Amino acid sequence: MLTVFLQFLFSGLTIGAVYALVGIGFNIIYNSTSIINLAQGEFVVIGGLLMWFFSESLKLPFFAAVLCTLISSGLVGLLIERLTIKPLKNPDLLLMIMITISVSIVLRGVLMFLFGKEPYVYPPFTEGEPINIYGAIIQQQTLWVISITLFCIILLFLFFKRTITGKAMLACAVNPTAAKLAGVNVSKMVMLSFILSAIVGAIGGMTITPISLMEYDKGPMLSVKGFCAAIMGGLGSNRGAVIGGFIIGILESMTAGYVHSGLKDAVALVILLLILFFKPSGIFITKSMSQLRKF
Amino acid sequence: MYGVINLLSIKGVFKNFGGLAALQNVNLNVRQGEIKALIGPNGAGKTTLLNIISGIHRLDKGEILFKDEKINNLPPSKIANKGISRTFQHVELFGNMTVLENIMVGFYARNKTSFFMDGFKFSFITDSEKKIYKKSREFLEYVKLGHKINEIALNLPIGEQRILEIARALATEPGLILLDEPAAGLNIRETRELGEIIKRIREELGITILLVEHDMELVMNISDSVAVLNFGEIIADGTPMEVQKNRDVIVAYLGEEEEVQPGYNVNT
Amino acid sequence: MKKEDFMVFIVFFIFVGLLPLFIESNYALTIGIFSGINALVAIGLCILMGYAGQVSLGQAGFYGIGAYVSSILSVYYGFPVILGILSAMIVSAIAAVVLAVPALRLKGHYLAVATLGFGEIIYVILNEWGPGGPSGFGDIPHFNIAGYSIQTTKESFYFIWIIVAIVMLYSINLTKSNTGRILRAMHDSDTACEAIGINVPLLKIKVFILSALYASLAGSLYSHYVTFISPSSFSLFYSILILMMVIVGGSKNLWGAVAGAIVITVLPELLRKFQELDILVYGFILTLTLMFFRKGLVPIISEKIKNVRGYKFAKH
Amino acid sequence: MKKAGAVFVLIVLGLASVFLFLQNAEAKEPYKIGAVFAVTGPASFLGEPEKNTALMLQEQINKAGGINGHPLEIIIEDTKSDETQAVLSAKKLLENDKVLAIIGPSTTGESMALVPIMNNAKTPLISCAAGAPITMPVKERYWIFKTPQYDTSAVEAIYGYMKKQGISKVGIITISTGFGDAGRKALHDMAPKYGITITADEKYGPKDSDMTTQLTKIKASGARAVINWSVGPGQVIVTKNWSALKMGIPLYQSHGWGSKKNIELAGKAAEGVIAPLGRLVVWDKLPDKHPQKALLKKYTQDYEAKYKGEPGTFGGHAYDSIMMIVEALKKVGPDKKKIRDYIETKIKKWPGTGGIFNMSPEDHCGLDKTAFEMVVVKNGDWEILK
């Protein structure tokens, strides 16, 4: 019994870690612009596919491939912000979200054109037998995904709490005018948040591809799940996104295990709706915090 | 003095916000037809009290009677329908609608139409629309906004926005209007005009007014009675003259040993 | 409703009504049929979002309920089609209440996710328990009334667009009336609405119901036209598509919803020649349209027309 | 300026599309056939090889002088794996292009959506989807044929093999799409006939990233074998999870497994996976005298030369459909009714990629379980099981 339960749990953690990383990506952009970037899932796909390209197709050594992937994903983020977000002064938020959707369509088109429709995979970061805990197994790559996720949150936490740039980015969303008056270069911060968010997405893509494969149209599903994770935890809270991601992942896995695998997505969503019903701004965001923000 | 009937009675009201006592045993009466001012330092609980009367916050203990009917903890719209209308400290207009439309919405409370049936009224302009339109124009003339009916509310200067908000509150044909700092952000001339309008509302329309205000000149000029709220408690309640001389009030506002000069705006 | 609104309405629908006289191709008319069906859903969302300010990513859920309930009733229980459609609308209205009551407390992104969750739950239910599961089911009867079955493309075109016209007339009337004004007021300030005696929660529930009724009707019409349905037509992507229509057309204007529905339905057909690259071209056109027609197509075009007119007047 | 630029780009794109839209008007009396494939969208794993096959065949046939001198024109429309788009595609082909017949669509749902349209237009359709309701009841599917084997045939092949191996308890795991669902139904329907009990019935979404939970549940249910019914990345992930879990029971895949790409993606994990595959995938392992061998060899080699990849079972469906119509055109000319009649009555003992077809007024598919070979993955290659 324990073995089975543990196995379900590990599976949930594997699934949840991905959602968590996407959720964090949402938060980074949300925290500096209030925009929900629905092309976030595409950033993950870009990370996975570029990593394949650099490591398998160009045969670069591992760390060089990682670096190249991160840099080029960051560039994609930069490009998107400069081409679509920057030209619009004082835009309507819903319009911006729609633009991110249409950007995601373009990205999918480009990815399909470059990589075709088949899935890609490359070997896990460390080769070797899965780890056995009380008879339940956990793949080494899963441990990589989880530890890299946690590492990302810690880094981001330090960045937003300890550095001037980080604090300035947070200020931009709450009140852009005030931030501008305080000498913050808002436009630069928004650009930075897109770059950062694209990189975080790419990190997610790089780490999960060996487990779940990657193909050009995996983005929308990842966006939706990551969005749910971010909302469950409370928009803007990275800790919330991670916990939200893991909760959804584990819920899906436990539902599949103990209830019925066909219903796993629905059960996770029902729980999300229930949470929103009792805490309308997510687990980690209080009502007064959410009232600071228009959205 | 105006009347002796209590239009609104607040009896022993308590309100806590997360352990912080915002109101403690507040008792207050507003008589039919008077202009009553509620003053007090920042954070004394004035706006909280207005929010409780108008149903935005629920009270923890006590009761509120309007026309001898208990209204505490009813939803805001029910309270408004019973005849209590209000304005807000931070003007809450329908910013993207025209001045006229703002007023027309205000008439809704007295001219309810059925949501789903509205789509079936296939005349170009219904009679009730015409009536509302006419009345709204009259109202705007009354508050001297007649020349701006087609402007977008957000584009009005703040003084006119405040007046528009009051006019919208009037459109619901209330028995009592709660005004939350109507003079905030207005210059002296605008404040005087506002004072005139408030007086006319009481005198010509016979509407009772409960006013939260920091501008002492305005308060002393137009109020029939003044209540002072400090740290969630009523510390004085009487005519403007009485209150100005009340020692507790002076202490609350200025600390020991000083006098309030009439017309001194505490907030500035 | 003002006279000029009515004139626009008359001119537009006369134009639509004349189309089949000039268009021989059933293919083009079929695009018209799907445009009309999408327009119904978009009009509902436009009232919900553009007027009342409530974002919904769950319209596909109501659309799906409409399609499935009326099809199930007519295929498995022998209901007359019209009765099936009405029953589906009742079910959708109930579902709308179930969604709206808890969602009342939510705003902005949170409301978007809650409605998205609702739509996805409906999708999973259709996938899991709908007849035929993910494979869907077919042989659904065409719309018929009093023994007359509407089958040919031309008949279907007229049938769908007459319904769109009725719904549009009702909606224009509604939005130009007292109710419409109150909805716009609610968009600007909930608090102020409450303060002048408007029961905001109840009003929100009613708007949700209205948009659900439109979507449900559209779903039923879809299923009785295509005669085959499977859950994949009612997924989140449809909700997003509808949202896109409303935004592209101009969310503050009902004609925007209709125009958006037509544009978004016709565009992929025009792009067929780009073969697989159509997704790329489609994405680019969409992005550019959103960026440069920010208020939506209809408001910007009507402004242009007004400007031209004003210019002419000034000259004379 | 910026605005003007964007408007300009929009106008150019618009004009370009309108131009292209109008352009495809006339050619010199070619035989036009339409093809509706799910070239993009979730079912693109089907539509892609089908499209490639159609383009290749068109080129080959025209190079060889066409059909009785008439060039063959195959007009391909993308359905984006969506029923509404399938309907529009078919209408376009019928109305604008006036095609003689339509090949496809790729999925059962899309095919079902076209049934009434084809019946109304009195034009034959040869579907590339497997679902039984596409051609049954035959009376109401007068104009509809299909080339893929029934799902039940693939299931029977698996169950038959299991019976020989003495396996009677299986756990099934299926993808929650039309493809997986059709397989799931067939697995349930055929089980009693082969004395097989299904101990666990699990599902997963098309974009799920981990199926360990479902497999763990199957293992705990006491199943003696796992059957996975899916296409796309899901089947590779299941294979990897199955191998990582060291489940100790064999994994069977559906006929969707038939692509070397899958072995490549799953790597070592794929060793020992068993699947019922059409002979197309294992043509090089067939005896020379097998009636399908020559045709399979040519098709596969041509395809690989042109597209640097395998056609897989699904490309073969398009091959069979097109070749049937081409043969009919050759014999009876451009007459829709005659084409239909020819296919219904004259396609007998007809070797295609999917098997030996025997169409009849009672059966518009014409294949049975003998169309499949049981194949195991060994040392990164296929091996036919006896």
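In this document, chain identifiers A, B, C and D correspond to the written order of the chains, with residue numbering beginning at 1 in each.
By definition in this document, contacts are C-beta pairs under 8 Å (C-beta built on N, C-alpha and C of every residue); 3 or more make two chains touch, one makes a residue touch a chain.
Just so it is clear, the structure is predicted and the values come from calculations on it, not from any experiment.
Asker: Go through A-D and A-C and name the pair with more C-beta contacts between its chains.
Answerer: If we tally the contacting C-beta pairs, A-C comes out ahead.
Asker: Work out the mean Cα position per chain and let me know which chain is farthest from chain A.
Answerer: B
Asker: So what's the Cα centroid distance for chain B and chain D, whole Å?
Answerer: Roughly 72 Å separates the two chain centres.
Asker: At what distance in angstrom does the C-alpha mean of chain D lie from that of chain A?
Answerer: It comes to 35 Å between the two C-alpha centres.
Asker: Suppose each chain is reduced to the average of its Cα coordinates; what separation in Å results between chain A and chain C?
Answerer: 31
Asker: For chain A and chain B, let me know how many angstrom lie between their CA-based centres, rounded off.
Answerer: 48
Asker: Going by the touch rule set out above, which residues of chain C reach two or more other chains?
Answerer: Within chain C, residues 127, 276, 279, 281, 284, 291 contact more than one other chain.
Asker: Please output the residue numbers of chain A that touch at least 2 other chains, ranges allowed.
Answerer: 87, 112, 262, 265
Asker: Which of the chains are touching one another, listed as pairs?
Answerer: All touching pairs, sorted by chain label, are A-C, A-D, B-C, C-D.
Asker: Enumerate the contact residues on chain C facing chain B in the complex.
Answerer: 1-3, 6, 169-171, 173-174, 177-182, 184-185, 187-189, 191-201, 203, 206, 210
Asker: Quick one: which bits of chain D touch chain C in the complex? Just the residue numbers, please.
Answerer: Residues 2-3, 6-7, 9-10, 13-14, 17-18, 20-21, 23-24, 39-40, 42, 76-78, 80-85, 87-88, 91-92, 94-96, 108-109, 112-113, 115-116, 120, 131, 133, 140, 176-178, 180-182, 184-185 of chain D touch chain C in their complex.
Asker: State the interface residues of chain A toward chain C in the complex, per the touch definition above.
Answerer: 30, 36, 84, 87-88, 91-95, 98-99, 101-103, 105-110, 112-113, 220, 224, 227-228, 231, 235, 262-263, 265-266, 269-270, 272-273, 276-277, 280-282, 294-295
Asker: Given the complex with chain D, which residues does chain A contribute to the contact?
Answerer: For this pair, the touching residues of chain A are 4, 7-8, 10-12, 14-15, 18, 87, 112, 117-119, 121, 130, 137, 139, 208, 211-213, 215, 217-218, 221-222, 253, 256-257, 261-262, 265.
Asker: Mind pulling up the chain C residues that touch chain D in the complex?
Answerer: 25-28, 30-31, 34, 127, 132-136, 138-139, 151, 153, 222, 226-230, 232-233, 268-276, 278-279, 281, 284-285, 288-289, 291-292
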